[in-house]
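Pasting the structures here.
Note that subunit A is present in both complexes that follow, paired respectively with subunit B and with subunit C.
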Partner chain A sequence: MSQKETHSISVALAAATCTLLGSGISATVDAQEEPAWDFNTSLLYYGEDGDRVKDFSVSAIARRMFIDDRYLTLGLTIDGLTGATPSGAIRQDVAQTFTRPSGNAAYSVAAGVLPLDDTFKDTRLALTAGWQQPVGDTSQVSVGASASKEYDYLHLGVNAKFARDFNQRNTTVSAGIALSMDSLDPVGGAPAPFSPMLDVGDTSNRLGDQDKDVLDIVLGVSQVISRDLVVQANYSYSKSDGYLTDPYKVLSLVDGTSGDTLLRSIAPGVDGPSHQFLFESRPGERTKHSIFGQAKYYMNGKVLDASYRYMSDDWEIDSHTVDLRYRIPFGANRYLEPHLRFYTQTDAEFYRLSIPDSLPLPGHASADYRLGNFDAITAGLKYGWRTRNDNEMSVRIEGYRQTGSVPADQLIGNQVSRDNFPDLNAIIVQFGYRF
Partner chain B sequence: MPSSYSLVIASSQGQKRREIRLELAEDAWHGRFQAMGSPCELVCEAKKRHEALELTELVAGEAWRIEDKFSRYRAGNVVHRINTAGGRAVEVDDETADLLDFAVTLYNLSEHRFDITSGVLRRAWHFDGGDRVPSENIVSDVLRLVGWHRADWRRPFLQMPSGMEIDLGGIGKEYAVDRCAGLLREQGSSACLVNFGGDLAVSRAPEGRRSWKVAVEGDAEGEPAHLIDLKQGALATSGDARRYLLKDGIRYSHILDPMTGWPVPDAPRSITIAADTCVEAGMMSTLAMLKGAQAEPFLRAQDVVFWCRR
Partner chain C sequence: MKRTVGVGAMTILLCTGCSSMGVEPWERDVLAKQEMQLTTDEIEAATDDHIYFSKEASSGGRGFGGGGCGCN
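Moving on to the complex of A and B:
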């Protein structure tokens, strides 16, 4: 049979169909296969002001759909971190010298300047894999694994989640569990808690590798209230065990009256700290409880997404987060999404600006500002659009501002007049492309 | 997070309980019901629930009408009258006559391999994934009742030798899909996708999305699905991963050649076709199936969009 003859079959078939169906035929077919892989990629820049942390991150999530609503998801993220981060030591009216975390060199900080550790430089590679599939008509199960590697840190994790629909799929109840097993091999070795910062080349206070295990459990329920309103509530429990200390953070050992950091004598010809600094010490356990509530409200194409989280842990940090997003579509395939986030936390029970020599050493202490008393606000705008070939692009720009304070009863002598908790400002720029 | 809620409307049709379920999922209403042995659904962009319900009732009503009228399992309908006429001529209505005319065209286009009288071969063949391959004798016995050339069709009268039967099942579902899409267009309704057991058609191009995303099933061994963006037109699939016989390492497809009474050798496991109408897509995939090993060259010559799995 020649090509011409076969082609005539489709022409004859079309004519016969037209006779059968009458005039009801609409338009010429327009069908094309979608690639079975779906990629979601993003490029993120996070930059704190001044010489502080800059993070450049590239991530890609690939999702493959199989029959019966089963999905394989693979993720890859590469982070490049640079910049300086507060070491935990306080400002002084004189210059201060510190031994680098590696123990191989020293660096100095000018008088009146907040001591920052500028050796903070790292590249992180993170991989995730997940599988999701329905179980019967009303349930879904997903399992996953994750791994990430930094120069001094290795994370390995597994997770599983089960969800079941009730009430004609208006109610979904879910339970998830995640385990992670992390190991740390800090530059120069992890310092013993409360051990002093030593001279360059002296490693007598260094310990070997350290481990940390984390168990997370999340129980959730989501409910369709009406066609326009969906609400969700979660409870999560998180328990960390092991080495929870930041091996690069120190505290200044200060005079109990003046509040100034005690000087340290150095042997001639040796490089070492000018003042007395102690490496921080955190408890070996942390248990967090959080509750989370979210409502999504659809209004003629606009979507309001409001959520609140309360977290409380046995380090006595309590935090509140309110997050608001409002998606406003315009034109056929564009939207704007303003975003506001408010955050506030109380300080950890062992948060200290410094350690006075006049009092006995506390059980644990850290001057890490992230364990301090602070408020933060994030405000931003996202603009998203659909490209001509039906891919999605978005740009997000946000500003972050953090303001904190040290409890007044911790300020000693000269510390009262210094800025002990400088503000932190950062900008976040993200490009997203989904294809 | 669930994005759906349901509403069940039930009605009684004879002994059969028929119900429509309405669900909101992924920003579209899905009206679901059972007809012609398949799960059926209408997906529509209607804003309001009552509008979606009315459209689903319209579509389900038409599907059930076609099922009642042309199913060979329903006593008293036109197909039943033809199949039990005992050699007498039967006068049929216009719609049935149109379908018979269409079947004649396909019979001729397929070199007599598409034959609405071949349904009786099912007495010999049971495609249930098992290994019951019938004997040559049984097949040749049944084959004596197959062959449109034995029928005398003079519109509106059909006369066949006693014992012969017609089965419009090979056309009915696609015909129903196109009829429903046509009714929706007449209504001027919001854009809809009519999907009867995987044979589907678009009433008109969607507005709130670029296209309807349709997943065409892979096979039972977990072969991934094709995801098809359908903006206009229709899709139909022939072949089914679960309907075959397997004996002595030979896989017998459920596509029977009425000339031999045996499965078409080397037929693809499934063929999905995109065409202007569901009828064209469905008939083209059946015609290709009947070509066996030559299915793909045949389809390439048609200049149609197709997905073929072996």
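Moving on to the complex of A and C:
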């Protein structure tokens, strides 16, 4: 057999294999003949234990293929959020009263109970649009826009990405940039940093609307190692500027010896905070660097998806994330996919459990537990199957648990014996349907 | 100068290394499967990014990690 004949047989076999497996080549041919929409939809429930945050979410991504491998992608997400979230104030052995973020009413928290702000209720609408097309034989360009609206928040963003293939498409190098221009209009107005929580009806510490801009740059390379193994590595740079403070978070102003929150005097007939609380203050800039690596390995039908991310920022937060998924097919059209995720982060240099009155105010401070020192684990299972109409359905159930601690050198007096970090347990249930 | 030469040499070495890896076009049957794509399910990936962005101090890595939400 001549070399030419061998080669043509290889090509014919490859074409036949791709056709049988419904892979990229045949999909492209189909797409060129019949431009069509593909839909990927999902229903999500995210629920934290106790009276904390619950989110019901509906999402859809619609993709239309055009001739010459061009794609239009449109996305829609609607979130309905309710529940309570830790305000940043610490537990006390007596009841505490707080002014609501709106400044229009007050609420009380019983003795020994972690103060939660129960006014958290929002609907979020997010839209995305993207266009992707080849440039020449080996490159691809995509551009996109995003917008989302909550009651107190507006996000507008644009992004672009360029990717180029090398080495018979075994190596892909990409570069992407995204810009976000966000506006905050907090309920009752954004409080001035470190201003005290005031009586109901007193809004003299409130500022006007605030802005936040974010620049993201992602540089990546993906490499096919063998017929069963593909890897990728990304470097990400993210710079945020503007109002990065959480307008609803406070810190307790405490006695420098006992660690108890200082009492506050209220005029007769006035509703207001029972203790002294200060609104938090974060720096107006943040720069993050991330390294991300991922490998996908095919083992006789099973697929291992392993990834790792290291993040470091100039707020002195370092984090490590390991994500493992293992897809196990069974029967002709079904699979199970266990998922494990491990996360750990150090606290921001301005994270404080409380502010002692015996020391001068720090430059910045936040008691937001999300800037604290904690570990998190996610464990879940996904079950997916192909329907009779050749569509795909899936359901996944996952548990998410955060456990943290406040650095010992921050604990003052009675705080030592209290449970200071608001541990979190959440459940994630998601149904997916692709058609 | 030394540094530039070093970086250049490293790049050439990496590219040469990459060019010897990989598969021929007709060996992409497994890689073409949906479950072998780097992002298997866009919605699930976006959902996870959104949840963890809201609850942790890190975001992005796989893709852009910027704003888009008042939750953090």
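Keep in mind that, in the parts below, the second predicted complex is superposed on the first by the 400 of 435 C-alpha atoms of A that agree within 3 Å, B and C clash if a C-alpha of one lies under 4 Å from a C-alpha of the other, contacts with A are read in each partner's own complex, and residues count from 1 in each chain.
Convention: contacts are C-beta pairs under 8 Å (C-beta built on N, C-alpha and C of every residue); 3 or more make two chains touch, one makes a residue touch a chain.
Since the structure is predicted, the reported quantities are computational estimates derived from the model, not experimental observations.
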Report for A:Ser180: first if it touches subunit B alone, second if subunit C alone, otherwise both or neither.
-> second
Name the contact category of A:Phe66: first (subunit B only), second (subunit C only), both, or neither.
-> first
Taking the superposition as given, does A:Asn170 touch the first partner, subunit B, the second, subunit C, both, or neither?
-> both
Examine A:Leu278 and indicate which partner it touches, taking first as subunit B and second as subunit C; both and neither are also allowed.
-> neither
Touch check for A:Arg227: first (subunit B), second (subunit C), both, or neither?
-> both
Per-residue touch tally on subunit A - higher for subunit B or for subunit C = C
Contacts of A:Val406 with subunit B and subunit C, given as first, second, both or neither | neither
Subunit B and subunit C footprints on subunit A meet at residues 10, 13-14, 17, 21, 24-25, 168-171, 222, 224, 227, 230, 232
What does subunit A use to touch subunit B in their complex?
-> 3, 6-7, 9-10, 12-14, 16-17, 19-22, 24-36, 64-67, 165, 168-172, 222, 224, 227, 230, 232, 386, 390
Please give the residue numbers of subunit A that touch subunit C in the complex, ascending.
-> 10-11, 13-14, 17-18, 21, 23-25, 40-42, 44, 46, 57, 59, 61, 75, 77, 122, 124, 126, 146, 148, 150, 152-153, 155, 157, 159, 166-171, 176, 178, 180, 182, 184, 212, 214-216, 218, 222-228, 230, 232, 234, 236, 238, 240, 246, 288, 290-292, 294, 296, 298, 303, 305, 307, 309, 311, 313, 315, 317, 319, 321, 327, 335, 343, 345, 348, 370-371, 376, 394, 396, 400, 402, 424, 426, 428, 430, 432
Subunit A-touching residues of subunit C, taken from the complex the two chains share = 15, 18-19, 21-33, 35-38, 40-44, 46-47, 51-52, 55-70, 72
Considering the complex alone, what residue numbers of subunit B touch subunit A?
-> 1-6, 23-24, 49, 98-99, 101-102, 105-106, 109, 175, 178-179, 181-182, 185-186, 202-205, 210-211, 213, 215, 217-218, 222-235, 274-277, 279-280, 283-284, 287, 298, 301-305, 307
